[in-house]
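You will see chain A twice below: alongside chain B first, and alongside chain C after that.
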Partner chain A sequence: MQITIAQHDHVTVAGVAGSIDALTADTLVTALLNELQAGRTRLVMHFAAVEYTSSAGLRVLLTTLKDARQRGGDLRLAEIRPNVKQVLELSGFTSILKCYADLPAAIASCPK
Partner chain B sequence: MNAPGVALVIGAGGVKCAASIGLQRCLNHEKIPIDLVVGCSGGAIYAAAIALGHDPASAAGMTAKLWTRDVTAATDRGALARMVFPKLLGFTERFGLKKDALVNARLKEGFGDATFADCKIPLFITATDFKTGEQVTISEGRIADAVRASIAVPFAFAPWEVNGRLCVDGFLSDPLPVGVAIREGAHVIIAMGFESPNQERITSGGRFAFQLSTIMTNNLLKASFAFHGLAHHSEVIAVIPQFSQRIRLFDTEKIPLLIDEGEAAMREQLPYLRRLLMSVPATHSA
Partner chain C sequence: MNPPARKVLLVDDNELDRDMLSRRLARRGFEVLQSADGVDAVAQARRELPDVVVLDTSLPGLDGLAATRQLKADPATHNIPVVILTARAMQHDREQAMAAGCDDFDTKPVDLPRLLAKIETLLADRVLALSPLSLDRLAEIRQFLARSLTDLGCASSVDGFVLAVDEICANLVQHADVADFPGPTRVTVRRSGPDAIITVEDRGRPFDPANAPAPDLTSGWEDRPVGGLGWYLVRQMVDDLTYESSPDSDGVLNRLTLIKRNVAADRDAAASS
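Here is the complex of A and B:
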């Protein structure tokens, strides 16, 4: 799994490539929580290159989401592949997370 | 005592559960042992076959003979009359609109008098307590009785008593009972589940009721899967086959297709499963 962090105005975009699972979850959650602790609380995860999300991956999303909202920010997802979206839908995450078809729309959706 | 390394959970889904034979075939081929099996409703049939040591070919043959359209063909006219005139004819909780003699005979033919003690892999079958709605986890007694309770489809088959509890179909409490595997201490849980298809057209009261059941079941599946995925200490690998054809409850002629597509769905998860098993602590290794 690779993580790239980029700043787009007031929004932090975390691009993830590969599999979010029990073997990669700790690395990812640490990277995301570092951003939140540094005050960058408007997070968009760019999911275009995420191939797989397991239950451990879902726990990363939940931890990050709760932390971001407690700090007054949010976590949003962009460009989710159909197989990953299926897992998110099955586990109810699409009802608590805002998901966007493209990255510019996700970035634009975040309030300043 | 070592915790189970790999648990297989097969959820409710009628004949679609035959996809679990493909999953089993894939794991057998890759020499990945299953340490514990949980089955619910249609999944109970396949879980029991796997736990008793049927290889994929014999499990496919046995279950294809067991679950055919004619098991629900005979309407119980007496039950129908008791539903219409409950006070006059005496309505009871052991209500089902279909005669269950054939399905009971098929279960006897398939599983004989085998008990849970005969299983080569620990087996757990889930049903639902008709009086309380609680999930009932069955792990002792005759397997045919446990399966019969687990497939007691509401309105079709009458509830079935197991170990002193009157049970209905396991899907009513949890269509994909991952919680049983978590409770038994499983580390990696492979969960094969199936969403119920929505009715294409509502042309009868039966289809109307079926659609309501589909809505509730699918929402329960999602809620339960979400909770268990977040609650488990390790990993739940969801294997949710997306079949290339619409599969109806008794499409047993499509079992070969279901097996192939179940195997393909499992094969997609194999690289990760292999890496995960290599990282499993020794006390959990299979």
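Here is the complex of A and C:
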């Protein structure tokens, strides 16, 4: 799994490539929580290159979401592949996370 | 739970030959379906979805090669292995059979050990032994599953199975104290008609996923539990799940069996009926 962090105005975009599973989840949550602790609380995760997520990936999303909202920010997802979207839907995550079909829309949705 | 008998559809218009081979296959543990002509054979294959079809070439109505082409052209049956069994033993007969799409070729008079070896090769279980089991082998498990399901031609989508076995192994390693599982963990993939059966076995402390509580997916983000989703996802991704744990000479054998139906085959069979 590879993580790329980039700043787009007031929004931090975390691009993730590869599989999010029990082996890689800790690395990802550490990277995301570092951003939140640094005050960058408006996060968009770019999921276009995420091939697979297990429940370990869902735990990363929920942990990050809770932390971001408790700090007044939010976590949003963009460009999710169908097989990953299926896992998010089955686990009820699409009702608590905002998901966007493209990255610019996800960035534009974040309030300043 | 014993695995179901593997089902072979034996197609030969010579009743004596068919009955004799049928009895010999039944004695080897196969459930044998019989057909005497090509049209009926194709219909039976679509209806019964056998594990393998053994097909003579000279048949009334629809010959064996034409029947093979029909089976291989139909999404509901194209993954079922076909063995052509014929008295025509020339090289060009083999080439014609392979060109029609059969998976293997054998000649009469029947050499049963040779024929069984060919059938077993086509139906062989794929086994991955993991000892010790550790998280860094998850990628290997995923590749094994994807390759095995593709090789066996069963299950229209491997995603559910990959996720399910990944979750199971992650749970074993992370939550069940892998030090208590001294024996090897084995992942076995076998074909059952168009469907796939995956078995995960280990020797150690019983570990019953049936008792895993379902998470509350209706709660808001503040109250949503961070854990407990793994087994829920496993149950959503497979069509059946059974667990048994029993003492044996080497300790306690835990066996978790997952069944994934080939939804595409069902849909296509329904559409063509």
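Here are some notes:
The rule we apply is simple: the second predicted complex is superposed on the first by the 112 of 112 C-alpha atoms of A that agree within 3 Å, B and C clash if a C-alpha of one lies under 4 Å from a C-alpha of the other, contacts with A are read in each partner's own complex, and residues count from 1 in each chain.
Basically, a contact is a pair of C-beta atoms (placed from the backbone, for glycine too) under 8 Å apart; a residue touches a chain by one contact, two chains touch by 3 or more.
On a predicted model such as this, the values are computed, not experimentally measured, just so you know.
Once chain A of one complex is fitted onto chain A of the other, the partner contacts of A:9 are absent, as it touches neither chain B nor chain C. In the superposition on chain A, A:56 contacts both chain B and chain C. Contacts of A:26 after superposition: neither chain B nor chain C is touched. Taking chain A as the reference chain, the count of touched residues is higher for C when chain B and chain C are set side by side. After overlaying the two complexes on the shared chain, residue contacts for A:90 are found with chain B and with chain C alike. Residue contacts after overlaying the shared chain place A:69 against chain C, while chain B stays out of touching range. Residue contacts after overlaying the shared chain place A:102 against neither chain B nor chain C.
Across the two superposed structures, the residue set of chain A contacted by chain B and also by chain C is 19, 21-23, 52, 54-56, 58-59, 62, 86-87, 90-92.
Per the touch definition, chain B reaches chain A in the complex via residues 193, 195, 221-223, 225-226, 229-230, 232, 234-238, 240, 242, 272, 275-276, 279. Contact residues on chain A toward chain C in their complex (touch as defined above): 19, 21-23, 52, 54-56, 58-59, 62-63, 65-66, 69, 83, 86-87, 90-92, 95-96.
Contacts from chain A toward chain B in the complex involve residues 19, 21-23, 52, 54-56, 58-59, 62, 86-87, 89-93. Contact residues on chain C toward chain A in their complex (touch as defined above): 135-136, 138-139, 142, 159, 162-163, 166-167, 170, 173-174, 215, 217-218, 220-222, 224, 226-227, 229-230, 232-233, 236-237.
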